[in-house]
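Which chain is which? They are A, B, C and D, in the order written, and residues in each are numbered from 1.
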Amino acid sequence: MAQTDTITASGSSSAGEEVLSIQQRRWRKFRSFKRGYYSMLVLLSTYVISLFLPLLVNNRALMVHYNGRTYFPAIRDLLDLPIVGQLGGTPFISGEELGQIGNKSECNYRALKRQYEEEKKGNYVVMPLYSFGPIEDISVEGNEPFMPPLARTQFGELRLFGTDDRGRDVFARMAYGFQISFSFALLVASLSYLIGVPLGALMGYYGRWFDLLMQRLMEIWGSLPFLFLIIIVVSIVRPSFFVLVLLLVIFSWLGIAQQMRAQFYREKTRDYTAAAISIGVPTRKILLKHILPNSLVPIITFFPFAIVGDIGALVSLDFLGFGLAPPTPSWGEMVSIGMENLTSGYWWLVLVPLGALFVTLMLVVFIGEAVREAFDPKTFSRLR
Amino acid sequence: MERKPLLQVRNLQTHFNIEGRWARAVDGVSFDVYPGEVFGIVGESGSGKSVTALSIMKLIPDPPGRIVAGEILYRGMDLVQLDYHEMYRIRGKEIAMIFQEPMTSLNPVFTIGMQIAEVLQAHEGVSEEDAYYRAAELLTQVGIPDAEKRLDDYPHQFSGGMRQRVMIAIALACNPSILIADEPTTALDVTIQAQILELMVELKEQRKDAAIILITHNLAVVAEMCHRVMVMYGGKVQEIADVFELFGNPLHPYTNGLLQSIPRPDLPEYRGKRLVAIPGNVPSILNLPRGCKFCTRCSIAIERCFVEEPPLIEITPDHFVRCHLVETTLAQPRTFDGQSFAETA
Amino acid sequence: MNRSPLLDVADLRVYFPVYAGVLQRRVADVKAVDGVSFSIARGETLGLVGESGCGKTTVGRAIINVLRHVSPDVHMSGSVTYHADETAVNLLELSTKKMMPYRRRIAMIFQDPYSSLNSRLSVREIVREPLDLHESSMSPRQRNERVEWLLEKVGLQPEYAERYPHEFSGGQRQRIGIARALATNPDLIICDEPVSALDVSVQAQVINLMEDLREEFGIAYLFIAHDLSVVYHISHRIAVMYLGNIVEIGTRDEVYFSPKHPYTQALISAVPVSDPQKRGKQRIVIEGDIPTPINKPSGCSFRTRCPIARPECAQLTPMLEPHSPTHFVACPYVGQEFAPATEEENGFLQ
Amino acid sequence: MVEYFIRRILLTIPTFIGSTFVVFLVVQLAPGGPLEQQIQALKRGGETAGAGLVGEQALPKDAIEELKRFYGFDKPIWQRYLIWLGVLKRESKSYRIMPGKPRLVGENERLVLVSVGNTFELRNANDPSRQVGDWKWRQEQDEETGQVRYRVYREERSGILTGDFGRSYRFRKPVMELIAERLPVSIQFGIISFVLSYAISIYLGVQKALRHNTPFDFATSSAVFITYSIPGWAIGAVLLVLLATDRFLPIFPLGGFENPLYAEMNLLEKIWDRAYHFVLPTIAYTAGSFAVLTMLMKNSLLDTLSSDYIRTAFAKGIREQRVIWLHAMRNSIIPIAANIGYVIGVFFAGSYLIERVFDIQGIGQLSFEALVARDYPIVFAFTVISVVVTLVGSILSDLALAVIDPRIRFK
């Protein structure tokens, strides 16, 4: 019966071609969409790099060598950063400790560097690539408000995107803003998946009163103006980063649960589920091993768009002044400063953060389109 | 042959682009359909029978499909060369088609009446009122009771069998010369299938000069309905013959295999015996062998079959077979390949 | 039949409630199966024929107890008695847990070879799953060996075990489904239209395979199909269903060659024959459509389409009555006004 | 079908109750909620009630109690909610009264509490024979001193169901009046951008579907992606910087709804001025739903075009234009119609962002400012109205679906 078993492709693979699972084929397909694939490479690498921002963009020195002792001030920020938004909370090294006479508050490392170079005592300071931090403001010597892009400070340091109303560096804030926005969105999206997927799955599989009840609840939830409600809550209790994440999760698990529910509702009637039941697979395993992997396509393709929505929501909240607590660098807050000074011609205050927002979201949308195309290709055929 | 063919298909090639590779869904198909006959096209999935039918209607979705070469001569006019504006005058008026899936073939958001009247308005230029009047008549003709009332109903209010009747009414509205029926009864239950076949025979009686092209995978339906039969496999015509000839003297190993592999309780000699199965699987059209398309499953295949595709050759008068192992008995056998059939005829 | 009984289905009813109205009250029931009784002996094949919506699939799924999972509000009554070696159990009453030991004894093959295999699992995982659940005494290696042995049994190369279902054709997928059903050495396999989705030239292969397996392992089949000739070919006995009821049951020759019930007669006469010589035989074409199982006609559910219907049929619900020790028909007027067609008259014999 | 809609409308009642209860809870239970705000407002002399330092002035205990009573803080939460809804009666007017001493209530009604046996009776002070109307009295105890006091009060049903959202703390006007003043502006933008986004999306979606994978499709996709990636208000902000500030191309106004001299203009100038002020905000509004609708339209039409009944239509010899715009459109529009409610909701709920960017004095801006100033009655009103708009929108969606799709109509 050798002939009987020549593999005949019902899909695209044929004899001689390597064996690929559906996932592998989808990954290949995704990679063939260059725009989406490269967007993903760019975005992921940027995000990974952004986790090390304190070593790249910071007013704190990477390394200070003073009188035989070595300090690593920026490293502390690095430890602080994964729990984003806690900037400014790190203990600092005072200026006096490093030889800045009369400075009992935090050391000004840029000044320190100049000081050491003048002193030539063998002490040295290694500054990060871009030596301005996101929250140091006009109170630090040399910081001027409303410096235009590419302007130089009195010490000749370059301000890539200028400064804002309080003399804070726009480039540094933009860069940190990316890190925070993206982490925020990833966290919100992942948490809402964590809630939405099992809830939706149970609704779809068990149905009955649980489903009815949850659907009513979701209808109520869906009719609420959620961003406005969040603003109300935020206006009353100024939330931390994580509370804000939770607030958004409370409203964003809904869509995922609904999609999951529809999927499970449909998949449970398919014959492979009946087959699994007929051989006695326990329910938990049917849900996890059989139905779940077959139900993931819509929510996987939705993930990038969830990220887009969550970043947009955070920026909107920040713009209104009800997002992350100041002085956390955030794009929305930057825009709102820009809008307040709209007539003064400080265009970069609006265009830089919105440009960053636009580029980031555009990349995510490109990824999303490619993922959707790879997972759920649209057939186009036309008759005439 | 004194009759003039109504439809002559010559060397039709319709290819499909599947993920970057071209599949020859229909690969050089030639046949004639004469007035007044029921011409059957038999084949399994992927044999190209439906694509052949859609090619005649020029309803190949593009992309991914395309008629690459060939002629489809309807009353001497080459449909392949017509542009799509001119096709609108052919479809529904000269050649009509009914499809396999009655449940999805009617537009769910329009009334039955509108969907029938629309054809009449498009081709006959009748007023809306007249069109609806005719539509009611047509519904009665295809055996739908209370036709006038049901004109305002929507497809979802009809059962599958009823919908197929509506499809037939739509197809017959303008009295086409050719009716192409693509698996018209496959989706229906046996008792409903009998009704629909009966109806088609009845309607056929009313117009002697029209032809029906009946596409099916069910040999029994062919045996009941058709005058001549074409067997397709792998995008190629494998055998064309009169229905009695084909069933009585199947020459192609594939035809023979098909006939033997279906249970025949009506024949005492087969009862209780093991079925004779054709080994192997229906090949994907992306993956056809180089020589004879059937060689991978043929029990009598010789080496030549794997490398060289046999021609479709006349074995006995009007019985064409594509097989190296069948010898013609005719002094001057005709062939569909290469040269025009009309010339040799 | 002197073979020992394996499965007794008695007065099985399966109702799916229909909700409607402002308050979504239960307004009606889809009486998918409405009092069905039959039995299957060891090693026997019972064919179950009927048109779409007659409840034949539901019968199969009720026996294997998968309905409740998919539609939790289904209402089932009657009994499905499985005769294990010495004891008999009513499968309908068993909890999911208690059902477990019987799941290895009764397996199922599905109609759609595409949707009945989980596309995310490899062939090995699919065929091994019942072994993992029921043959815990086997070592993983033994299980893998058995998977390969099973694949070979159903005519697939064991090397294909690592491949995924989408790489196989319909016929091959159906073989995988059969291998999965065979894995635990069941006594009974419920075959839900196992060949109707397959290409004509592949159908015969699968039918032959199923017959071979029956010979080799002594499996009993409940063979559900709408194609009468296929059912005749593979079955020992045939039951004909219409709108949730069995209207006729008997040995295959009794049902196929001397059908008594007008519906069976119409059904058999409606089947076209693959022989143009026999064209134009007198058909009993029954008019109209099959009513929906929500609004079943009162009394005899076939009366709306029955050529011999009488006014009394609206009141009287016919019961299966014996015409021979093995042949039961649910129509009291059989043989009175409508002469039962003999083989010769029907033209089935040459 | 009628039954379906009755069911549909009835089902919104529990949803309405549920959503308003959530709104009520969020605002009521939060620390620094309305009560505290009001108290602080009174402390500061009632001018502004913005967040800030607590005033020096001590508030009379009486006044606080009165406020508590007004907000029903002496009652359980569910009663408070029902009062707020307008289902239960609330004490609308309430005065302290000493037994025997007449008290002026209302315009010129004087009431007196007359002792009758063990208990009292409320009489009209001017003419004891006249009815006291719906005034009632009750006895109460001072929380601290335990003194027995008496109170006359009047009850009425007034709440969000009766359209009474209370009075704004800041403007000292009924909220409904304030909203009615600002509504026309927001509605004009809403309707114009609703119509525009549907018109553009449908046309563009169809063209994109028909020219799938052509240069046209790719080119327009970028526009779609841009509007998808950036929130509408952000697009507005970018446009403002680029097209309204002196720095780049100052061709549009920096914001506002109309020229300050609008009233003195003639009709032509008025129309021009309106249009001039409308361009940028309308783009920002429209962008909010444009991308989603366009892609929905495109994908839906692609699906429809490959369906069997479209093939049937062509097989009948129906011309392409008719097949696409009649047969295919009627079916493809279904998901678009289903989104009507969503789009309306987005316009309404998102309005505060765009109105803020363009400094348009609409209800969005009003409620946002109210939120900053903790003027809760307005905030309540805005949230409740957006819940209602969303619910009405979803019923509208269903109605539109029923008009288009007979399968729903005959359910």
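Please note the rule applied: contacts are C-beta pairs under 8 Å (C-beta built on N, C-alpha and C of every residue); 3 or more make two chains touch, one makes a residue touch a chain.
Because the structure is a prediction, the values reported are computed rather than measured.
Hopping across touching chains, the smallest step count from chain A to chain B is 1.
With centres taken as mean C-alpha coordinates, the chain found closest to the middle of all protein C-alpha atoms is A. We define each chain's centre as the mean of its Cα atoms; on that basis chain A and chain C are separated by 55 Å. Note on chain placement: the centre of chain A and the centre of chain D lie 31 Å apart, centres being C-alpha means.
With centres defined as mean CA coordinates, chain D is found 59 Å away from chain C. Among all residues of chain B, those that touch two or more other chains are 59, 61, 84, 87, 279, 281-282, 284, 297. The multi-chain contact residues of chain D, meaning those touching 2 or more other chains, are 306, 311, 314, 320.
In chain C, 169-170, 172, 205 are the positions where the chain touches two or more neighbouring chains simultaneously. Those residues of chain A lying in contact with chain D across their complex are 216-217, 219-220, 222-225, 227-229, 231-233, 235-237, 308, 312, 315-316, 319-321, 335, 338-339, 342-343, 345, 347, 350-351, 354, 357-358, 361-362, 364-366, 369, 378-384.
Of all residues in chain D, only 306-309, 311-320, 327, 330-331, 404-407, 410 touch chain B in the complex they form.
Chain C makes touch with chain B in their complex at residues 51-52, 169-172, 199-205, 207-208, 211, 226, 228-230, 232-233, 256, 266-267, 269-279, 283, 285-287, 289-290, 348-350. Partner chain C is touched in their complex by these residues of chain B: 44-45, 159, 161-162, 189-195, 197-198, 217-221, 223-224, 226, 243-244, 247-248, 254, 257-259, 261-268, 274-279, 281-282, 284, 297.
Against chain D, the residues of chain B that register as touching in their complex are 57, 59, 61, 84, 87-93, 96-97, 99, 101, 104-110, 118-119, 122-123, 154, 156-157, 167, 170.
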